[in-house]
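For reference, the structures are reproduced in the following blocks.
Two complexes, one shared chain (subunit A), two partners (subunit B, subunit C).
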Partner chain A sequence: MTLARARLICLAVFVLALLAVPYVLPAFGATFWVNIVAEILIWSLLAASVNLLLGFTGLLSFGQALYFGFGMYGVALSINNWDVGFLPALVIGIAAASAMAFVTGIFAVRLTWHYFAIITVVFSLIFYFAAMSTKWLTGGDDGLSFSPPPVIEIGDFSLTLADTTAQYYVILVIVAVAFALKALVVNSPLGLNFKAVRENDRRAALIGINVFRTRLAAFVIAGALAGTSGALFAFFGRYASASYMFYHVSGEAIVWAVVGGSGALLGPLFGTGALIVFRELASNFWENYLLAVGAITILVVMFAPRGIAGAWNDMLLALTARGGRSATTAIATAEPAGDAPDHAPTRSNADG
Partner chain B sequence: MNEFVLALAINGLVWGLIIALIALGLSIIFGLLDVINMAHGDFFMLGTVGGLVIAVSTGSFWLALLIVPLIGLLLGAAIEWLVIRPTVRQASLTIVTTFGLSMIIQEMVRATYGPQPRRMSAPIEGTIPLFGIDYDLYRIAAAIFSALCLAAFFLFLNRTKIGTWIRAVRHDPETATALGIPVTQITAFTFALGTAMALLGGVIAAPITTVEFRTGIDVLPFCFMAVIIGGLGNLQGTVAAAIMLAVLEGLVTSFVDPTTARIASLAFMSAVLLLRPHGLFSGATR
Partner chain C sequence: MADLALRLSGVTKRFGGLVAVDDVTIDFPGGQLNAIIGPNGAGKTTLFNLITGETPADAGRIEFAGKDIARLKPHEIVRRGVSRTLQIKSVFGGLTVVDNIRAAVLTHRRIMAPFRLVSSFASVSARTDELIEEVGLTGHHQTLASALSYGDVALLEMALALAAEPKLLLLDEPICGMGPQETERAVAMIKRIAKRVDVILIEHDMEVVFDIADFIMVMAQGGILATGTATEIASNLDVQEAYLGSPEDELAC
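The block that comes next holds the complex of A and B.
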């Protein structure tokens, strides 16, 4: 079996498993977990926005919570003030986050590494404090609740979020589309530019890549991903709150992205899933479970910098290597990457 | 000038001197190790908690003032060895590891000390008249003591052998190695010293702030502002910026609410970061 085929089969199994969640979990009496999986899907988009910047463009943003918050408030405010439907509200949320990412990005992407991390956290703090103090608009800490409009309404038929199963599928579809679009971007010429800038921005500039625009594009797309996450979370929780714009939310997203594997496309999903499942299991009997999350974070950075996805890829490689000839070429194309972030798409392309 | 404004300005000065001590710790760690220490606010918090616990159990605040920074030195050395040294090569990822560290410290304090905020009585009671207002004696003492600590730090850095070594490693680690300076130990010591300064700031601040596991979260952004506005790695700049920011926030707070003051200083900081990335005082000594 070639590596590419093994990957495809795993992806298919994974998607089928996600599709089956609302039917399989309740059968085992775990109806509550359907919502947990939905929550994982939503948060994984926020981790994906960190992943796109850190793993594919080489920028560590500590302020993605800002765009998450704009996604939330875009939805909540547009529904409360203009009484719009589901899709327009979603689009407004994503657009608000992207616009904010564009404006702040113009300033932020002029800086790199430490300076970039600091300016992104500063921008998010400014708007966090602003949202906290403009209670009339945002509801501050208490937040702003709203009643979500039906997702689709054609004649008698209406699909609402009130039904857990329907809500789950709506979330799954939107998250899947977001991940698919992210995969498209990463594999497009623009995605190659991202990687060129990540590896060496001077050389990238020398071969004619506009480093500023490339970083800005990555930042806006990451903002859109974070905004989608926030918009979905607003629909999921039926409210928006300024507390989600604090830098700890950004930090959590970084932890999810790094634990999942910051250079792999589906890494954020694994990282978010593993840590949220851990939270749900551990917080029942251990109040201070965050102790373990902190330790896991440090240990992953130290011993498995490519995260869960990296370990998974290594395992797939090892398994398919037993198969025969084609796998050796897979290793040959994979190895030069060394300990650099995992180039999952490039690797499967080279193999196929 | 109105007395209320004056009191807030003096409050700002007192707080600024304490913050300067903590931010200086953050600044030497960044300058030498290139580590953005997200756990630095929690080191401060450990100082407040340690100060309260030791002062209550032994009955002497002064003993706490002596012991807690020493604990900070040991703790800093241990953390540098366990967490920082293995990951320091991936400079950007130390932000992630120190964030993990911050979670661990907060949860450990919550698990042992408890989640309730507590207040500590000042070791020096009474007030003194100052420009027509009655001002807490302890706050004045805290400001003077912080200023002395700052002076001692700069004397240590400029007048002792280890201080010279620290400056040499900061300037050029490879040449320092070639000259026989124990770079690894100096790096570890610098981290330990930075940690100890945050804990010392914590003990000093314990009687004038609430003592709980979350205080570090509020202090960290302020320290970063001081470090950025002063210029990353510019130590005198950090001190000047910390005092300036605290006094300004104190003054602005008398006209608008504290949140607006905080937004204003954050906006000021982004402007500095974008227009003068080496800090407001980049023309001055480095």
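The block that comes next holds the complex of A and C.
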């Protein structure tokens, strides 16, 4: 079996498993876990925004929660004030996050590494405090609740989020579309520019790439991903709160992205899944479970710098290489490890 | 190729109190292979950085194809037709040879298409293969650039520079650090390229320079010490003095 085919089969199995969740989990009496999986799907998009920046463009953002927050408030405010439907609210949330990423990105992407990390965290803090102090608009810490409009309403038929299964599928579809679009972009000429800038920004400029615009494009797309995550989370929780714009949330996204594998497309999903499941299991009997998350992050960075997805790819590679495929071509098709994980350990364990 | 490859007038760069490039005025003739030589610290690489826009010049005009490019950004200068290689070989280490060159070809053709596969542009793939053939990296298509030998990295960098279809190619010590065989291969390629592209070359290996360069400019302490053909430079007393003054320079890279 070739590597490409093995990966395709694994992906198919994975998608089928996700589709089966609302039927299989309740059958085992774990109805509660359907919502956990939905939550994992939502948060994985925030991790995906870090993944796109860190793994594919070589930028470590410590402020993705800002765009998550804009996605949330885009939904909550537009529903409360303008009484819009589901899709318009979603689009407004994503657009608000992207616009914010564009404006802050103009300043942020002129810098790299620690300077970039600092400026992104500064932006997110500014807006965190702004949102906290404008209680009349944002509800501050208490947040802003709203009643979600039906997703689709045609005549008598209406699909609402009130039904857990329907809600799960709505989330799954939107998350799947977001990941598919991200996969397209990463494998497009624009995505190749991202990687070129990640690998060597000086050479990138010397082959004619506008490094500033390339980084800005990545930053806006990452903002859109974070915004989608925030918009979905607002629908999921029926409210938006400024507390989600705190840098703690950004830090968590970095941990998920790094543990999942920052150079791999589905890495964020694996990382977010593993750590949220761990949280659900461990937090019941140990309130300081974050210490263990910190330890896991350090171990992953030290011993599997390409994260869960990287380890998974290596395993597939080893299994399929026996099938007679030459090792060199197989290695080349695997996503190269970003240089990013080398820089991540100190920052991510500080959060854990 | 035009009669004039590049015209510098009064080009100056200071780093604090140090004048790295001091009022350099020169016409590099087109249609031939130009070389810049000079002891370490003479300002040769800084001069290249000024031409490619990586370091902004403090004063002077840099005229390429009749236009002043001194205030342009590096990627804009590449798009005008000036490519370069670096002294410390610079490629995209984590990408395959194909992706390295494909990135350069796509950029040259201004293809951004965010929702199409990189491999779906037939003419880009054809051009990429052509460049791989041209620099002699055939068979290395799927090799990661970081896994290439030093000589092959230099060839890949050359392909990246050529992908922009430059009218002027700046080569910063292209054979530095190469073994005798690799040197021979690289020199042959430079000679071949110089037949259709204007070339300016910085090189420490005098034997190579005197062998292949049609026009030589000697730099010392940021300024021009001498210009002329190989024979003229070899018999120039100032040049001999500059080099005899620090004989180890010839060996250094």
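The working rule: the second predicted complex is superposed on the first by the 325 of 352 C-alpha atoms of A that agree within 3 Å, B and C clash if a C-alpha of one lies under 4 Å from a C-alpha of the other, contacts with A are read in each partner's own complex, and residues count from 1 in each chain.
Here is the rule we use: a contact is a pair of C-beta atoms (placed from the backbone, for glycine too) under 8 Å apart; a residue touches a chain by one contact, two chains touch by 3 or more.
What you are looking at is a predicted structure, and each value in this text was computed from that prediction instead of being measured.
Trainee: Figure out whether A:Leu275 sits in contact with subunit B (first) or subunit C (second), or with both, or with neither.
Mentor: neither
Trainee: May I ask you to decide whether A:Ala224 touches subunit B, subunit C, both, or neither, giving the answer as first, second, both or neither?
Mentor: A:Ala224 sits against neither subunit B nor subunit C.
Trainee: Would you check which partner chain A:Gly208 touches, where first means subunit B only, second means subunit C only, and both and neither mean what they say?
Mentor: second
Trainee: Going by the contact rule set out at the top, does A:Leu190 touch subunit B (first), subunit C (second), both, or neither?
Mentor: In the superposition, A:Leu190 contacts subunit C only.
Trainee: Classify the contacts of A:Val293 with the two partner chains as first (subunit B alone), second (subunit C alone), both, or neither.
Mentor: A:Val293: touches subunit B, not subunit C.
Trainee: A:Arg110 in the overlay: touching subunit B, subunit C, both, or neither? Say first, second, both or neither.
Mentor: first
Trainee: Which partner chains sit in contact with A:Val301 here, subunit B, subunit C, both or neither? Use first/second/both/neither.
Mentor: first
Trainee: For subunit A, which residues lie in the overlap of the subunit B contacts and the subunit C contacts?
Mentor: none
Trainee: Considering only the defined contacts, which subunit A positions touch subunit C in the complex?
Mentor: 181, 184-185, 187-193, 195-196, 198-200, 202-211, 217, 328-329, 331-333, 336-339
Trainee: For subunit B, which residues count as touching subunit A in their complex?
Mentor: Touch list, subunit B to subunit A: 30, 34, 36, 38, 83, 86-87, 90-93, 95-97, 99-104, 106-108, 110-111, 217, 221, 224, 228, 232, 257, 259-260, 262-263, 266-267, 269-270, 273-274, 277.
Trainee: Note which residues of subunit C are touching subunit A in the complex, please.
Mentor: Going through subunit C, the ones touching subunit A are 52, 54, 73-75, 78-79, 83-84, 86, 90-96, 99, 102-104, 106-108, 111-118, 121, 142-144, 160-161, 163-164.
Trainee: Enumerate the contact residues on subunit A facing subunit B in the complex.
Mentor: 54, 60, 62, 107, 110-111, 113-115, 117-119, 121-123, 125-126, 129-130, 132-133, 247-248, 251, 254-255, 258, 287-288, 290-291, 293-298, 301-302, 305
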